[in-house]
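In the two complexes that follow, chain A is the common piece, with chain B as its partner first and chain C second.
The block that comes next holds the complex of A and B.
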């Protein structure tokens, strides 16, 4: 196309490029993304990490090095409690999306009518586009003591008192996170299960596996890479999410991310916040190394 | 029964040893009838091949034996036990799938011993049995390989081994050789035959390839349009086809349609105007419409008149050199005859356009009454 518009120049550039050795050409192609990552990812990251090991004096960072900030974070009851709370929420959220996501993606991949498959996939992804705050406030409306759910349960006589834990509670946070991240679990599972050959199910059955055993041996094995990928997505994003707990969690225990934010908003404790971020990063790296050690990614995908 | 080995005969004598008895089996998919009332007995230890064109219902029939498809009507009994409604995992059958259906996320050992694992065998036992089977399959040392690392022929053998390790009373094979190239297919054919003889189990093989059917089987069933048209030894089916369809499907043939002479019951006036001496035939009628099948290899082609019960003069229309023989197409009046001749040692074969004499004995003209 560009050959037609500017023939002379393009050939000129192409010719000059061809004169450049293969290795240099590869490096040239990689330059823009590398530069982008350096400016917007590596430099802020290194800045934060450098804050975490420098002494702060009169709200100014000095060049003196210290590990005190890490000691503060690691010995702090608040940070440890917050980390434990965040991990628990992330684990439960991941488990829920897995339990809900498996049958949904199995249906989408193997049972759904071809004509409706795209529509159904669209519906699965749709929650990602609806503004999250709008959805969260809608959930609060639904779950509030005067809301639809409590109203319905009271009217059919299942409960006498409105259920107060439907909003501003740990279940509310988990439900919010699970519904937010469910698509990230369903899509990788769907991608793996689309490759499942129904003859594998028949072969397993033929070799003596009952229906449950067949699904355990074949469906789960086929879905495993998707489970790991989706699980990592949901776990890591839930762990770092700070908006959902803030909106749906009310005055509950703060999450780890919330605790870090409080350091900045309340006390301008940059080094402590930075060290806390460093601890979180180390934790995430540990999780990833652990998962990649148990499952050989090369073999799975 | 004439060709078939002594083994097949001895099996016949032990009349009680019926492995599979199918009675009036039917399968309908909505409007479509895939299997239309098939009854069949397979003997214990037999290599039985069901052959037919694609879409004739043979795979559906096989899947019903495996329990992967419910029968609309009829019954299946295996080793004297009614299996019609027993689910696949509880049947003493095992199937080798057309596209093999090996588990790609499991290695060779796990694939081979999947059935044993389902039977609750310990890992040690499974390991031992897998090694034995890999010996039989000539794949020693492959236990820890991934499936994708194997060639087509190796995957083939693993799929066979996976089914055999469950020691099925009936092994079902759904065209498992169709994806292999010709040379490998012939090798696997002989291999199958050898394994069958070693294990003395019952093989039920489904294929559209009549060559596999003729070379490997004790008996053949020919299926068309959901119905079993003929059952017999390969030689019976080839030499005494029950219908024009069987004659044309199993091997090549020259098929004539005509009127049989009521007086001597050996002369057939074909619609194309030839008078054929046809002595052979199962139950020749006194009169009426019949078909006559003459195999190309039974027709002699010569440049001089042929001394035979049926002898005609014609013109060579075409000649196909096939290495081991030559196929002539000879036009006799308006009829195209196919004849296979060995390649002559010295003399030049006849050229298209030359006059040719064709001839065959009445014993080679088989009368089929439909």
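The block that comes next holds the complex of A and C.
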């Protein structure tokens, strides 16, 4: 039996790889990422969950089980207040990014000049990657009582007193989060609207629909999967973000994440922080399950 | 016709809306960059006495306060991006190419770290590393956290890029190329841009992340912790200068990523 010896053909490695069945090869490639996540993601989360149900004695976790930490979190005014505050901020931020982002995505997907489309898209996405602290600092500088906006408005005589609510306030936090996460709403909307055939819009108009009705019936339904996906991204990330409210919100209103972090910094109240994290994880899972139950993503795409 | 007028008004309204959004997104950053050249020791309106002294101070007397943490963060981001791209790349390859036990659930498993707030993952790692393993927290423990957090992005970039090329590989195999040849001649050229994009994206995410850094960095000072401390001490033009450097690095990387993506089409 003659073996062909073309260059690159039947090297030892190639033959051995070919001998491995396709399924096994797949599992071997798939394994390392999962193994990493098992050790550095799943075990840490399980560690917190186990802390959250164990009795702490002399700063050591014992093996006795308890639900007291959850009771502490769920009845504490601090945690409940922080959770409501975080959810409220996340909901408002999501709504704002949707209202602001939909026209932008529509413009980028259907109206923008082909030459500028990529640049415009780039400019929407790029700020997302700038460090939160840097961006929030930039907003503080712009909005603080001696900042650019107040300085300018005072010098042209539009206001006598500097506007104090521009920073260290709830509107400031929402503005910060909304401008941070706008790209996560715009990108999925853009992807959906790009697939929208302009012929449909024309057809709707030819059939007598006015521009408002056309957009309501055609554009909005085409954008729906993008709205859900973008909404999910923005909501979950705003809920978990700790840096932006820490800087832009001032000291009055700690978010849920900030409250957990404050517990950790004392490092005595770990079980409470663990239970609070457990509540947060349960909340995230509930939101995901809820959204995927109401909207069948496979069908939408 | 009334509907034509409405349409035109909507058209102008749309353009004005888009323009306003861009202005609002970029004004804070532009103002911050401009004021890094402001001469007065408190960067407030108006902008005058232009100077670059704040930048030279960063590299002089304030090196330890700003530049050393910046270098630490860049180091963490670099190591993170390499590990996350290797592991995530394997994940993406497995998603788009192979059937195996549990392969329908596999993408969801890889995506989960992106859905849990980094603060909580970070806390879990702190508990696991410190209490269970007895490790000392440092920039290396931050890398472990950032790899878990950024791996989904690497995996989905690679999976997205690989998906449609399967035909090409089958064609190459049908024409007599062996496994190694197919990988070398077809898969790697297709994969190359995806790997570059993944490196750049995971790098930028790690570079911008702060919650895990707060929890896991221990006695090493990374940029977010340094920025938080300096910020508490009050605003200073040096803060504008370091922020400008951060913006330039981020935009630079992002521009390269975008150029790579467009150069290879798509």
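The rule is short, and it goes like this: the second predicted complex is superposed on the first by the 276 of 301 C-alpha atoms of A that agree within 3 Å, B and C clash if a C-alpha of one lies under 4 Å from a C-alpha of the other, contacts with A are read in each partner's own complex, and residues count from 1 in each chain.
Quick note on the criterion: a residue touches a chain if its C-beta (ideal position, glycine included) is under 8 Å from a C-beta of that chain, and two chains touch if they have at least 3 such contacts.
Everything quoted here is computed from the prediction, not taken from an experiment.
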**OP:** Kindly classify A:133 by the partners it touches after superposition: chain B alone (first), chain C alone (second), both, or neither?
**Re:** second
Original post:
If you stack the two complexes on chain A, which partner ends up touching A:200: first (chain B), second (chain C), both, or neither?
Top reply: first
Subject >> First, second, both or neither for A:270, with chain B first and chain C second >> reply: second
Original post:
Who touches more of chain A, chain B or chain C?
Top reply: C
Subject >> First (chain B), second (chain C), both or neither touched by A:115 >> reply: neither
Original post:
In the superposed arrangement, which partner chain does A:210 touch: chain B (first), chain C (second), both, or neither?
Top reply: both
Original post:
In the superposed arrangement, does A:142 touch chain B (first), chain C (second), both or neither?
Top reply: second
Original post:
On chain A, what residues does chain B touch that chain C touches as well?
Top reply: 210
Subject >> chain A - residues contacting chain B, complex >> reply: 197, 199-200, 202-210, 213-214, 217-218, 221-222, 224, 299
Subject >> Complex contacts: residues of chain C adjacent to chain A >> reply: 3, 6-7, 10-11, 14-15, 17-18, 21-22, 24-29, 31-32, 35, 42-46, 87-88, 90-91, 93-94, 97-101, 103, 106, 109-110, 112-113, 115-121, 123-128, 131-132, 144-145, 147-148, 151, 155, 178-181, 184, 204-205, 207-208, 210-211, 214-215, 223-224, 227-228, 231, 235, 239-240, 243, 246-247, 250-251, 253-255, 258, 262
**OP:** Name, in rising order, each residue of chain B that touches chain A in their complex.
**Re:** 66-68, 87-90, 93-95, 97, 99, 101-103, 105-106, 114-115, 118-119, 146, 162-163, 166
Original post:
What residues on chain A touch chain C, complex-wise?
Top reply: 8-11, 13-14, 17-18, 22-27, 29-30, 32-34, 36-37, 40-41, 43-48, 51, 61, 100, 103-104, 106-108, 111, 118, 120, 122-127, 129-135, 137-142, 144, 146-148, 150-152, 155, 179, 182, 210-212, 236, 239-243, 246-247, 257, 260-261, 264, 270, 273-274, 277, 280-281, 284, 288
